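Chain lettering (A, B, C, D and E) follows the sequence in which the chains are written, and residue indices restart at 1 in each chain.
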Amino acid sequence: MLIGKVVGSVVASQKDEKLENLKLLVVQVHDHNNEPQPSYVVAADSVQAGTGDLVLFATGSSARQTTLTENRPCDAVVMAVVDSWDLGGENVYEKWA
Amino acid sequence: MLIGKVVGSVVASQKDEKLENLKLLVVQVHDHNNEPQPSYVVAADSVQAGTGDLVLFATGSSARQTTLTENRPCDAVVMAVVDSWDLGGENVYEKWA
Amino acid sequence: MLIGKVVGSVVASQKDEKLENLKLLVVQVHDHNNEPQPSYVVAADSVQAGTGDLVLFATGSSARQTTLTENRPCDAVVMAVVDSWDLGGENVYEKWA
Amino acid sequence: MLIGKVVGSVVASQKDEKLENLKLLVVQVHDHNNEPQPSYVVAADSVQAGTGDLVLFATGSSARQTTLTENRPCDAVVMAVVDSWDLGGENVYEKWA
Amino acid sequence: MLIGKVVGSVVASQKDEKLENLKLLVVQVHDHNNEPQPSYVVAADSVQAGTGDLVLFATGSSARQTTLTENRPCDAVVMAVVDSWDLGGENVYEKWA
(Lines give C-alpha, C1' and ligand atoms only; values in the text may rest on other atoms or scores of the structure.)
Protein backbone atom coordinates (compact mmCIF):
# COMPACT_ATOMS: atom_id res chain seq x y z
CA MET A 1 0.00 0.00 0.00
CA LEU A 2 0.99 3.62 -0.36
CA ILE A 3 -0.12 6.75 1.45
CA GLY A 4 -2.00 9.39 -0.52
CA LYS A 5 -4.16 12.47 -0.08
CA VAL A 6 -7.70 12.65 -1.46
CA VAL A 7 -7.61 15.74 -3.70
CA GLY A 8 -10.70 15.34 -5.87
CA SER A 9 -13.17 13.01 -7.56
CA VAL A 10 -14.05 11.88 -11.07
CA VAL A 11 -17.52 11.76 -12.67
CA ALA A 12 -18.10 9.28 -15.50
CA SER A 13 -21.57 8.39 -16.77
CA GLN A 14 -20.60 6.37 -19.89
CA LYS A 15 -18.95 3.35 -18.29
CA ASP A 16 -18.79 -0.42 -18.10
CA GLU A 17 -21.85 -1.84 -16.32
CA LYS A 18 -19.58 -3.43 -13.69
CA LEU A 19 -18.34 0.01 -12.66
CA GLU A 20 -21.74 1.31 -11.45
CA ASN A 21 -22.08 2.83 -7.99
CA LEU A 22 -18.41 3.30 -7.24
CA LYS A 23 -17.20 6.67 -5.97
CA LEU A 24 -13.95 7.42 -7.78
CA LEU A 25 -11.41 9.52 -5.88
CA VAL A 26 -8.36 11.33 -7.24
CA VAL A 27 -5.56 10.45 -4.82
CA GLN A 28 -2.18 12.19 -4.91
CA VAL A 29 0.64 9.94 -3.74
CA HIS A 30 2.59 11.10 -0.67
CA ASP A 31 5.96 9.75 0.43
CA HIS A 32 6.64 8.42 3.92
CA ASN A 33 7.72 11.91 5.05
CA ASN A 34 4.29 13.19 3.97
CA GLU A 35 5.67 15.07 0.97
CA PRO A 36 3.31 15.15 -2.05
CA GLN A 37 4.69 13.28 -5.07
CA PRO A 38 3.97 13.98 -8.76
CA SER A 39 2.10 10.69 -9.23
CA TYR A 40 -1.60 10.06 -8.63
CA VAL A 41 -4.17 7.33 -8.93
CA VAL A 42 -7.94 7.22 -9.41
CA ALA A 43 -9.24 4.80 -6.77
CA ALA A 44 -12.62 3.44 -5.68
CA ASP A 45 -13.62 4.57 -2.19
CA SER A 46 -14.52 1.77 0.25
CA VAL A 47 -14.31 3.88 3.43
CA GLN A 48 -16.17 7.15 2.73
CA ALA A 49 -12.97 9.16 2.75
CA GLY A 50 -13.28 12.94 2.47
CA THR A 51 -11.33 15.52 0.49
CA GLY A 52 -8.07 16.30 2.27
CA ASP A 53 -7.93 12.96 4.11
CA LEU A 54 -4.68 11.05 4.09
CA VAL A 55 -5.51 7.49 3.11
CA LEU A 56 -4.02 4.11 2.29
CA PHE A 57 -4.70 2.66 -1.14
CA ALA A 58 -4.01 -0.77 -2.60
CA THR A 59 -3.51 -1.54 -6.28
CA GLY A 60 -3.73 -4.52 -8.61
CA SER A 61 -5.80 -7.60 -7.82
CA SER A 62 -5.68 -6.66 -4.12
CA ALA A 63 -7.90 -3.70 -4.98
CA ARG A 64 -10.70 -6.18 -5.74
CA GLN A 65 -10.68 -7.79 -2.30
CA THR A 66 -13.15 -5.39 -0.67
CA THR A 67 -16.86 -6.23 -0.71
CA LEU A 68 -17.37 -3.07 -2.74
CA THR A 69 -14.89 -3.81 -5.52
CA GLU A 70 -15.15 -7.61 -5.87
CA ASN A 71 -15.12 -8.77 -9.52
CA ARG A 72 -15.05 -5.22 -10.82
CA PRO A 73 -12.68 -3.71 -13.42
CA CYS A 74 -11.07 -1.60 -10.71
CA ASP A 75 -7.32 -1.65 -10.04
CA ALA A 76 -7.07 0.75 -7.08
CA VAL A 77 -9.05 1.11 -3.85
CA VAL A 78 -8.91 3.44 -0.86
CA MET A 79 -9.44 1.05 2.05
CA ALA A 80 -8.31 3.07 5.10
CA VAL A 81 -8.18 6.63 6.38
CA VAL A 82 -4.85 7.23 8.14
CA ASP A 83 -4.99 8.46 11.76
CA SER A 84 -1.23 8.80 12.22
CA TRP A 85 2.14 7.37 11.41
CA ASP A 86 5.62 7.58 12.82
CA LEU A 87 9.16 7.23 11.45
CA GLY A 88 12.02 6.29 13.74
CA GLY A 89 9.86 7.03 16.79
CA GLU A 90 8.93 10.53 15.56
CA ASN A 91 5.31 11.30 14.74
CA VAL A 92 5.07 12.36 11.07
CA TYR A 93 1.32 12.90 10.84
CA GLU A 94 -1.53 13.10 13.31
CA LYS A 95 -5.05 13.51 11.92
CA TRP A 96 -6.55 14.80 15.13
CA ALA A 97 -3.69 17.13 16.15
CA MET B 1 -7.01 3.62 -12.59
CA LEU B 2 -5.38 6.45 -14.49
CA ILE B 3 -6.81 9.14 -16.75
CA GLY B 4 -5.80 9.08 -20.42
CA LYS B 5 -6.78 10.52 -23.78
CA VAL B 6 -7.74 8.30 -26.70
CA VAL B 7 -5.30 9.34 -29.45
CA GLY B 8 -5.50 6.47 -31.93
CA SER B 9 -6.10 2.79 -32.56
CA VAL B 10 -4.11 -0.30 -33.52
CA VAL B 11 -4.92 -2.84 -36.25
CA ALA B 12 -3.56 -6.37 -35.89
CA SER B 13 -4.77 -9.29 -38.01
CA GLN B 14 -2.18 -11.93 -37.01
CA LYS B 15 -3.08 -12.47 -33.35
CA ASP B 16 -3.94 -14.97 -30.65
CA GLU B 17 -7.43 -16.42 -31.17
CA LYS B 18 -8.47 -15.13 -27.74
CA LEU B 19 -7.84 -11.55 -28.89
CA GLU B 20 -10.51 -11.55 -31.64
CA ASN B 21 -13.10 -8.79 -31.80
CA LEU B 22 -11.45 -6.37 -29.40
CA LYS B 23 -11.03 -2.74 -30.46
CA LEU B 24 -7.55 -1.67 -29.38
CA LEU B 25 -7.11 2.00 -28.49
CA VAL B 26 -3.88 3.97 -28.12
CA VAL B 27 -4.32 5.93 -24.88
CA GLN B 28 -1.91 8.67 -23.84
CA VAL B 29 -1.63 8.98 -20.07
CA HIS B 30 -2.65 12.36 -18.55
CA ASP B 31 -1.82 13.52 -15.05
CA HIS B 32 -4.42 14.75 -12.57
CA ASN B 33 -3.95 18.33 -13.84
CA ASN B 34 -4.85 17.08 -17.33
CA GLU B 35 -1.30 17.45 -18.64
CA PRO B 36 -0.30 14.82 -21.24
CA GLN B 37 2.48 12.51 -20.04
CA PRO B 38 5.09 10.71 -22.18
CA SER B 39 3.68 7.26 -21.35
CA TYR B 40 0.90 5.44 -23.22
CA VAL B 41 -0.94 2.15 -23.18
CA VAL B 42 -2.79 0.09 -25.76
CA ALA B 43 -6.12 -0.82 -24.16
CA ALA B 44 -9.25 -2.76 -25.14
CA ASP B 45 -12.33 -0.57 -25.45
CA SER B 46 -15.34 -1.67 -23.37
CA VAL B 47 -17.28 1.62 -23.64
CA GLN B 48 -17.13 2.72 -27.29
CA ALA B 49 -14.85 5.62 -26.51
CA GLY B 50 -14.03 8.02 -29.36
CA THR B 51 -10.81 9.69 -30.43
CA GLY B 52 -10.12 12.69 -28.21
CA ASP B 53 -12.17 11.38 -25.28
CA LEU B 54 -10.64 11.49 -21.84
CA VAL B 55 -11.11 8.06 -20.30
CA LEU B 56 -10.30 5.91 -17.29
CA PHE B 57 -8.31 2.74 -17.88
CA ALA B 58 -7.49 -0.17 -15.59
CA THR B 59 -4.45 -2.44 -15.92
CA GLY B 60 -3.38 -5.91 -14.81
CA SER B 61 -5.86 -8.62 -13.86
CA SER B 62 -8.49 -5.92 -13.22
CA ALA B 63 -8.50 -5.30 -16.97
CA ARG B 64 -10.06 -8.75 -17.42
CA GLN B 65 -13.09 -8.05 -15.22
CA THR B 66 -15.31 -6.62 -17.95
CA THR B 67 -17.62 -8.95 -19.86
CA LEU B 68 -15.68 -8.02 -22.99
CA THR B 69 -12.20 -8.88 -21.72
CA GLU B 70 -12.86 -11.89 -19.46
CA ASN B 71 -10.23 -14.64 -19.84
CA ARG B 72 -8.42 -12.78 -22.59
CA PRO B 73 -4.68 -12.00 -22.86
CA CYS B 74 -5.44 -8.32 -22.34
CA ASP B 75 -3.77 -6.26 -19.58
CA ALA B 76 -5.45 -2.87 -20.08
CA VAL B 77 -9.06 -1.80 -20.61
CA VAL B 78 -10.83 1.50 -21.11
CA MET B 79 -13.92 1.12 -18.95
CA ALA B 80 -15.22 4.70 -18.55
CA VAL B 81 -15.41 7.98 -20.46
CA VAL B 82 -14.72 10.86 -18.08
CA ASP B 83 -17.36 13.60 -17.83
CA SER B 84 -15.46 15.81 -15.41
CA TRP B 85 -13.14 15.92 -12.45
CA ASP B 86 -12.14 18.43 -9.82
CA LEU B 87 -9.08 19.08 -7.67
CA GLY B 88 -9.38 20.95 -4.40
CA GLY B 89 -12.87 22.12 -5.34
CA GLU B 90 -11.75 23.51 -8.72
CA ASN B 91 -13.05 21.96 -11.91
CA VAL B 92 -10.12 20.62 -13.97
CA TYR B 93 -12.02 19.18 -16.91
CA GLU B 94 -15.59 19.32 -18.14
CA LYS B 95 -16.46 17.24 -21.21
CA TRP B 96 -19.60 19.20 -22.04
CA ALA B 97 -18.27 22.70 -21.37
CA MET C 1 -0.49 -3.74 -23.72
CA LEU C 2 2.51 -1.99 -25.18
CA ILE C 3 4.02 -1.95 -28.66
CA GLY C 4 7.47 -3.48 -29.13
CA LYS C 5 9.82 -4.71 -31.83
CA VAL C 6 11.10 -8.28 -31.91
CA VAL C 7 14.89 -7.88 -31.87
CA GLY C 8 16.14 -11.32 -30.86
CA SER C 9 15.51 -14.55 -28.99
CA VAL C 10 16.78 -16.33 -25.89
CA VAL C 11 17.92 -19.96 -25.59
CA ALA C 12 17.70 -21.67 -22.18
CA SER C 13 18.04 -25.42 -21.73
CA GLN C 14 18.22 -25.57 -17.89
CA LYS C 15 14.73 -24.43 -16.97
CA ASP C 16 11.59 -25.16 -14.98
CA GLU C 17 9.64 -28.07 -16.50
CA LYS C 18 6.62 -25.81 -16.96
CA LEU C 19 8.62 -23.59 -19.32
CA GLU C 20 9.22 -26.30 -21.98
CA ASN C 21 8.40 -25.59 -25.61
CA LEU C 22 8.00 -21.83 -25.37
CA LYS C 23 9.82 -19.64 -27.88
CA LEU C 24 11.23 -16.70 -25.93
CA LEU C 25 11.57 -13.42 -27.82
CA VAL C 26 13.56 -10.33 -26.88
CA VAL C 27 11.18 -7.41 -27.44
CA GLN C 28 12.34 -3.79 -27.34
CA VAL C 29 9.62 -1.45 -26.16
CA HIS C 30 8.53 1.29 -28.62
CA ASP C 31 6.52 4.38 -27.73
CA HIS C 32 3.29 5.36 -29.50
CA ASN C 33 5.31 7.45 -32.01
CA ASN C 34 7.26 4.28 -32.89
CA GLU C 35 10.45 5.48 -31.18
CA PRO C 36 12.52 2.69 -29.58
CA GLN C 37 12.73 2.97 -25.79
CA PRO C 38 15.56 1.76 -23.53
CA SER C 39 13.38 -0.90 -21.89
CA TYR C 40 12.83 -4.47 -23.11
CA VAL C 41 11.04 -7.63 -22.11
CA VAL C 42 11.56 -11.34 -22.78
CA ALA C 43 8.16 -12.66 -23.87
CA ALA C 44 6.69 -16.00 -24.97
CA ASP C 45 5.58 -16.02 -28.59
CA SER C 46 1.96 -17.08 -29.18
CA VAL C 47 1.73 -15.77 -32.79
CA GLN C 48 4.89 -16.88 -34.59
CA ALA C 49 6.22 -13.35 -34.79
CA GLY C 50 9.42 -12.79 -36.75
CA THR C 51 12.50 -10.68 -36.08
CA GLY C 52 11.78 -7.05 -36.93
CA ASP C 53 8.02 -7.38 -36.49
CA LEU C 54 6.24 -4.75 -34.43
CA VAL C 55 4.06 -6.58 -31.94
CA LEU C 56 1.72 -6.13 -28.99
CA PHE C 57 2.69 -7.78 -25.73
CA ALA C 58 0.79 -8.24 -22.47
CA THR C 59 2.34 -8.64 -19.04
CA GLY C 60 1.39 -10.02 -15.63
CA SER C 61 -1.36 -12.58 -15.14
CA SER C 62 -2.86 -11.54 -18.51
CA ALA C 63 0.21 -13.11 -20.14
CA ARG C 64 -1.07 -16.52 -18.98
CA GLN C 65 -4.44 -16.23 -20.77
CA THR C 66 -3.30 -17.69 -24.10
CA THR C 67 -3.63 -21.44 -24.69
CA LEU C 68 0.16 -21.55 -25.03
CA THR C 69 1.02 -19.89 -21.73
CA GLU C 70 -1.77 -21.12 -19.41
CA ASN C 71 -0.50 -22.06 -15.93
CA ARG C 72 3.10 -21.39 -16.85
CA PRO C 73 5.67 -19.24 -14.97
CA CYS C 74 5.57 -16.69 -17.79
CA ASP C 75 4.82 -13.00 -17.17
CA ALA C 76 4.93 -11.62 -20.74
CA VAL C 77 3.45 -12.81 -24.04
CA VAL C 78 3.51 -11.55 -27.60
CA MET C 79 -0.08 -12.08 -28.70
CA ALA C 80 -0.42 -9.93 -31.85
CA VAL C 81 1.63 -8.70 -34.80
CA VAL C 82 0.78 -5.07 -35.51
CA ASP C 83 -0.39 -4.21 -39.04
CA SER C 84 -0.72 -0.47 -38.47
CA TRP C 85 -1.67 2.25 -36.05
CA ASP C 86 -2.62 5.90 -36.24
CA LEU C 87 -2.37 8.91 -33.94
CA GLY C 88 -4.74 11.84 -34.35
CA GLY C 89 -5.79 10.57 -37.76
CA GLU C 90 -2.20 10.28 -39.05
CA ASN C 91 -0.78 6.87 -39.90
CA VAL C 92 2.28 6.18 -37.71
CA TYR C 93 3.16 2.70 -38.95
CA GLU C 94 2.06 0.50 -41.82
CA LYS C 95 3.52 -3.01 -42.00
CA TRP C 96 2.73 -3.52 -45.67
CA ALA C 97 3.70 -0.07 -46.95
CA MET D 1 10.84 -9.60 -3.34
CA LEU D 2 12.84 -6.57 -2.31
CA ILE D 3 14.84 -5.79 0.81
CA GLY D 4 13.63 -2.98 3.05
CA LYS D 5 14.07 -1.54 6.52
CA VAL D 6 11.16 -1.21 8.95
CA VAL D 7 11.14 2.50 9.80
CA GLY D 8 7.70 3.04 11.31
CA SER D 9 4.05 2.01 11.47
CA VAL D 10 0.66 3.38 10.42
CA VAL D 11 -2.49 3.64 12.54
CA ALA D 12 -5.87 3.67 10.77
CA SER D 13 -9.17 3.18 12.61
CA GLN D 14 -11.59 4.05 9.77
CA LYS D 15 -10.95 1.16 7.40
CA ASP D 16 -12.44 -1.62 5.32
CA GLU D 17 -13.70 -4.46 7.53
CA LYS D 18 -11.36 -6.87 5.74
CA LEU D 19 -8.36 -4.87 6.94
CA GLU D 20 -8.96 -5.46 10.67
CA ASN D 21 -6.15 -6.76 12.88
CA LEU D 22 -3.28 -6.19 10.50
CA LYS D 23 -0.19 -4.40 11.75
CA LEU D 24 0.87 -1.98 9.03
CA LEU D 25 4.58 -1.24 8.76
CA VAL D 26 6.31 1.59 6.90
CA VAL D 27 9.16 -0.08 5.01
CA GLN D 28 11.88 1.92 3.27
CA VAL D 29 13.28 0.12 0.23
CA HIS D 30 17.02 -0.72 0.31
CA ASP D 31 19.11 -1.71 -2.70
CA HIS D 32 21.22 -4.88 -2.81
CA ASN D 33 24.21 -2.92 -1.44
CA ASN D 34 22.06 -2.01 1.57
CA GLU D 35 21.73 1.64 0.54
CA PRO D 36 18.37 3.24 1.46
CA GLN D 37 16.32 4.23 -1.58
CA PRO D 38 13.76 7.05 -1.83
CA SER D 39 10.82 4.64 -2.28
CA TYR D 40 8.78 3.03 0.49
CA VAL D 41 5.80 0.75 0.95
CA VAL D 42 3.22 0.22 3.69
CA ALA D 43 3.10 -3.55 4.27
CA ALA D 44 1.23 -5.95 6.53
CA ASP D 45 3.47 -7.70 9.05
CA SER D 46 3.29 -11.51 9.03
CA VAL D 47 6.50 -12.10 11.03
CA GLN D 48 6.45 -9.70 13.99
CA ALA D 49 9.26 -7.62 12.58
CA GLY D 50 10.63 -4.81 14.73
CA THR D 51 11.64 -1.25 13.94
CA GLY D 52 15.10 -1.22 12.38
CA ASP D 53 14.88 -4.79 11.09
CA LEU D 54 15.90 -5.46 7.51
CA VAL D 55 13.11 -7.51 5.94
CA LEU D 56 11.89 -9.05 2.72
CA PHE D 57 8.55 -7.92 1.39
CA ALA D 58 6.39 -9.23 -1.45
CA THR D 59 3.87 -7.20 -3.45
CA GLY D 60 0.82 -7.78 -5.61
CA SER D 61 -1.29 -10.94 -5.36
CA SER D 62 1.68 -12.74 -3.77
CA ALA D 63 1.17 -10.51 -0.74
CA ARG D 64 -2.13 -12.34 -0.11
CA GLN D 65 -0.56 -15.80 0.13
CA THR D 66 0.18 -15.70 3.86
CA THR D 67 -2.40 -17.03 6.31
CA LEU D 68 -2.61 -13.51 7.74
CA THR D 69 -3.35 -11.67 4.50
CA GLU D 70 -5.48 -14.18 2.58
CA ASN D 71 -8.42 -12.54 0.77
CA ARG D 72 -7.62 -9.13 2.17
CA PRO D 73 -7.26 -5.82 0.29
CA CYS D 74 -3.55 -5.82 1.02
CA ASP D 75 -0.92 -5.54 -1.73
CA ALA D 76 2.31 -5.77 0.30
CA VAL D 77 3.46 -8.10 3.08
CA VAL D 78 6.61 -8.41 5.17
CA MET D 79 7.15 -12.17 5.27
CA ALA D 80 10.76 -12.55 6.43
CA VAL D 81 13.34 -10.86 8.64
CA VAL D 82 16.73 -10.93 6.92
CA ASP D 83 19.64 -12.51 8.84
CA SER D 84 22.30 -11.81 6.23
CA TRP D 85 23.08 -11.58 2.54
CA ASP D 86 26.16 -11.66 0.38
CA LEU D 87 27.16 -10.26 -3.00
CA GLY D 88 29.95 -11.89 -5.01
CA GLY D 89 31.05 -13.85 -1.96
CA GLU D 90 31.29 -10.71 0.25
CA ASN D 91 28.98 -10.36 3.23
CA VAL D 92 26.86 -7.20 2.82
CA TYR D 93 24.77 -7.43 5.97
CA GLU D 94 24.83 -9.54 9.10
CA LYS D 95 22.02 -9.04 11.62
CA TRP D 96 23.90 -10.61 14.51
CA ALA D 97 27.31 -9.05 13.84
CA MET E 1 10.55 -11.92 -18.02
CA LEU E 2 13.78 -10.04 -17.65
CA ILE E 3 17.40 -11.18 -17.80
CA GLY E 4 19.48 -10.93 -14.63
CA LYS E 5 22.71 -12.16 -13.10
CA VAL E 6 22.78 -14.15 -9.87
CA VAL E 7 25.06 -12.10 -7.60
CA GLY E 8 24.28 -13.44 -4.13
CA SER E 9 21.78 -15.03 -1.78
CA VAL E 10 19.72 -14.06 1.27
CA VAL E 11 19.42 -15.96 4.57
CA ALA E 12 16.27 -15.46 6.66
CA SER E 13 15.33 -17.71 9.57
CA GLN E 14 12.41 -15.67 11.02
CA LYS E 15 9.87 -15.99 8.23
CA ASP E 16 6.33 -16.89 7.25
CA GLU E 17 5.76 -20.66 7.44
CA LYS E 18 4.84 -20.69 3.75
CA LEU E 19 8.31 -19.46 2.84
CA GLU E 20 10.18 -22.51 4.19
CA ASN E 21 12.69 -24.33 2.00
CA LEU E 22 13.05 -21.72 -0.71
CA LYS E 23 16.53 -20.67 -1.79
CA LEU E 24 16.45 -16.90 -2.19
CA LEU E 25 18.80 -15.42 -4.80
CA VAL E 26 19.86 -11.80 -5.23
CA VAL E 27 19.51 -11.13 -8.97
CA GLN E 28 20.87 -7.97 -10.58
CA VAL E 29 18.83 -6.92 -13.61
CA HIS E 30 20.68 -6.78 -16.97
CA ASP E 31 19.45 -5.03 -20.10
CA HIS E 32 19.15 -6.76 -23.47
CA ASN E 33 22.72 -5.68 -24.34
CA ASN E 34 23.89 -7.50 -21.20
CA GLU E 35 24.69 -4.28 -19.33
CA PRO E 36 24.07 -4.46 -15.55
CA GLN E 37 21.28 -2.14 -14.39
CA PRO E 38 20.92 -0.49 -10.96
CA SER E 39 17.81 -2.52 -10.09
CA TYR E 40 17.70 -5.95 -8.46
CA VAL E 41 15.22 -8.49 -7.19
CA VAL E 42 15.29 -11.25 -4.58
CA ALA E 43 13.87 -14.34 -6.30
CA ALA E 44 13.17 -17.97 -5.38
CA ASP E 45 15.36 -20.43 -7.27
CA SER E 46 13.48 -23.17 -9.16
CA VAL E 47 16.41 -24.26 -11.36
CA GLN E 48 19.47 -24.56 -9.09
CA ALA E 49 21.12 -21.53 -10.65
CA GLY E 50 24.67 -20.71 -9.51
CA THR E 51 26.38 -17.45 -8.66
CA GLY E 52 27.38 -15.66 -11.86
CA ASP E 53 24.74 -17.37 -14.00
CA LEU E 54 22.64 -15.23 -16.29
CA VAL E 55 19.03 -16.20 -15.71
CA LEU E 56 15.45 -15.38 -16.62
CA PHE E 57 13.12 -14.38 -13.82
CA ALA E 58 9.35 -13.86 -13.74
CA THR E 59 7.49 -11.59 -11.33
CA GLY E 60 3.99 -11.19 -9.94
CA SER E 61 1.46 -14.01 -9.88
CA SER E 62 3.43 -15.75 -12.66
CA ALA E 63 6.18 -16.32 -10.09
CA ARG E 64 3.81 -18.73 -8.29
CA GLN E 65 3.31 -21.02 -11.29
CA THR E 66 6.27 -23.30 -10.61
CA THR E 67 5.77 -26.43 -8.51
CA LEU E 68 8.23 -24.95 -6.03
CA THR E 69 6.50 -21.61 -5.51
CA GLU E 70 2.80 -22.53 -5.78
CA ASN E 71 0.63 -20.77 -3.19
CA ARG E 72 3.59 -19.11 -1.54
CA PRO E 73 4.08 -15.41 -0.68
CA CYS E 74 6.74 -15.15 -3.35
CA ASP E 75 6.59 -12.55 -6.14
CA ALA E 76 9.73 -13.43 -8.14
CA VAL E 77 11.19 -16.70 -9.39
CA VAL E 78 14.28 -17.69 -11.35
CA MET E 79 12.93 -20.31 -13.74
CA ALA E 80 15.65 -20.61 -16.40
CA VAL E 81 19.40 -20.34 -16.81
CA VAL E 82 20.21 -18.54 -20.06
CA ASP E 83 22.47 -20.35 -22.56
CA SER E 84 22.62 -17.54 -25.11
CA TRP E 85 20.72 -14.74 -26.79
CA ASP E 86 21.07 -12.69 -29.94
CA LEU E 87 20.03 -9.22 -31.05
CA GLY E 88 19.58 -8.45 -34.74
CA GLY E 89 21.37 -11.67 -35.69
CA GLU E 90 24.43 -10.89 -33.51
CA ASN E 91 25.21 -13.10 -30.54
CA VAL E 92 25.14 -11.03 -27.34
CA TYR E 93 25.91 -13.74 -24.81
CA GLU E 94 27.06 -17.35 -24.98
CA LYS E 95 27.31 -19.27 -21.70
CA TRP E 96 29.61 -21.94 -23.07
CA ALA E 97 31.91 -19.71 -25.16
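Here is the rule we use: contacts are C-beta pairs under 8 Å (C-beta built on N, C-alpha and C of every residue); 3 or more make two chains touch, one makes a residue touch a chain.
What you see is a predicted model, and the numbers here were worked out from it, not measured in a lab.
Tell me, which chains sit next to both chain A and chain E?
Shared contacts of chain A and chain E: D.
How big is the rotation, 0 to 180°, that puts the C-alpha atoms of chain C on those of chain D, in steps of 5?
For the C-alpha superposition of chain C onto chain D, the angle is 145 degrees.
Could you work out how far the Cα centre of chain B sits from that of chain D, in whole Å?
So the centre of chain B lies 33 Å away from the centre of chain D.
Just the number, please: Cα centre separation of chain D and chain E in whole Å.
Each chain's C-alpha centroid was found; their separation is 20 Å.
Chain B: which residues touch two or more other chains?
60-61, 63
If contacts are counted as defined earlier, which sequence of chains do you get going round the ring from chain D via chain E?
D, E, C, B, A
Going by the contact rule set out above, which residues of chain B touch chain C in the complex?
7-19, 24, 26, 28, 38, 40-43, 51, 60-61, 63-64, 71-76
Report the residues of chain E in contact with chain C in the complex, numbered from low to high.
Residue list for chain E touching chain C: 1-3, 31-32, 46-49, 56, 58-67, 69, 77, 79-89, 92.
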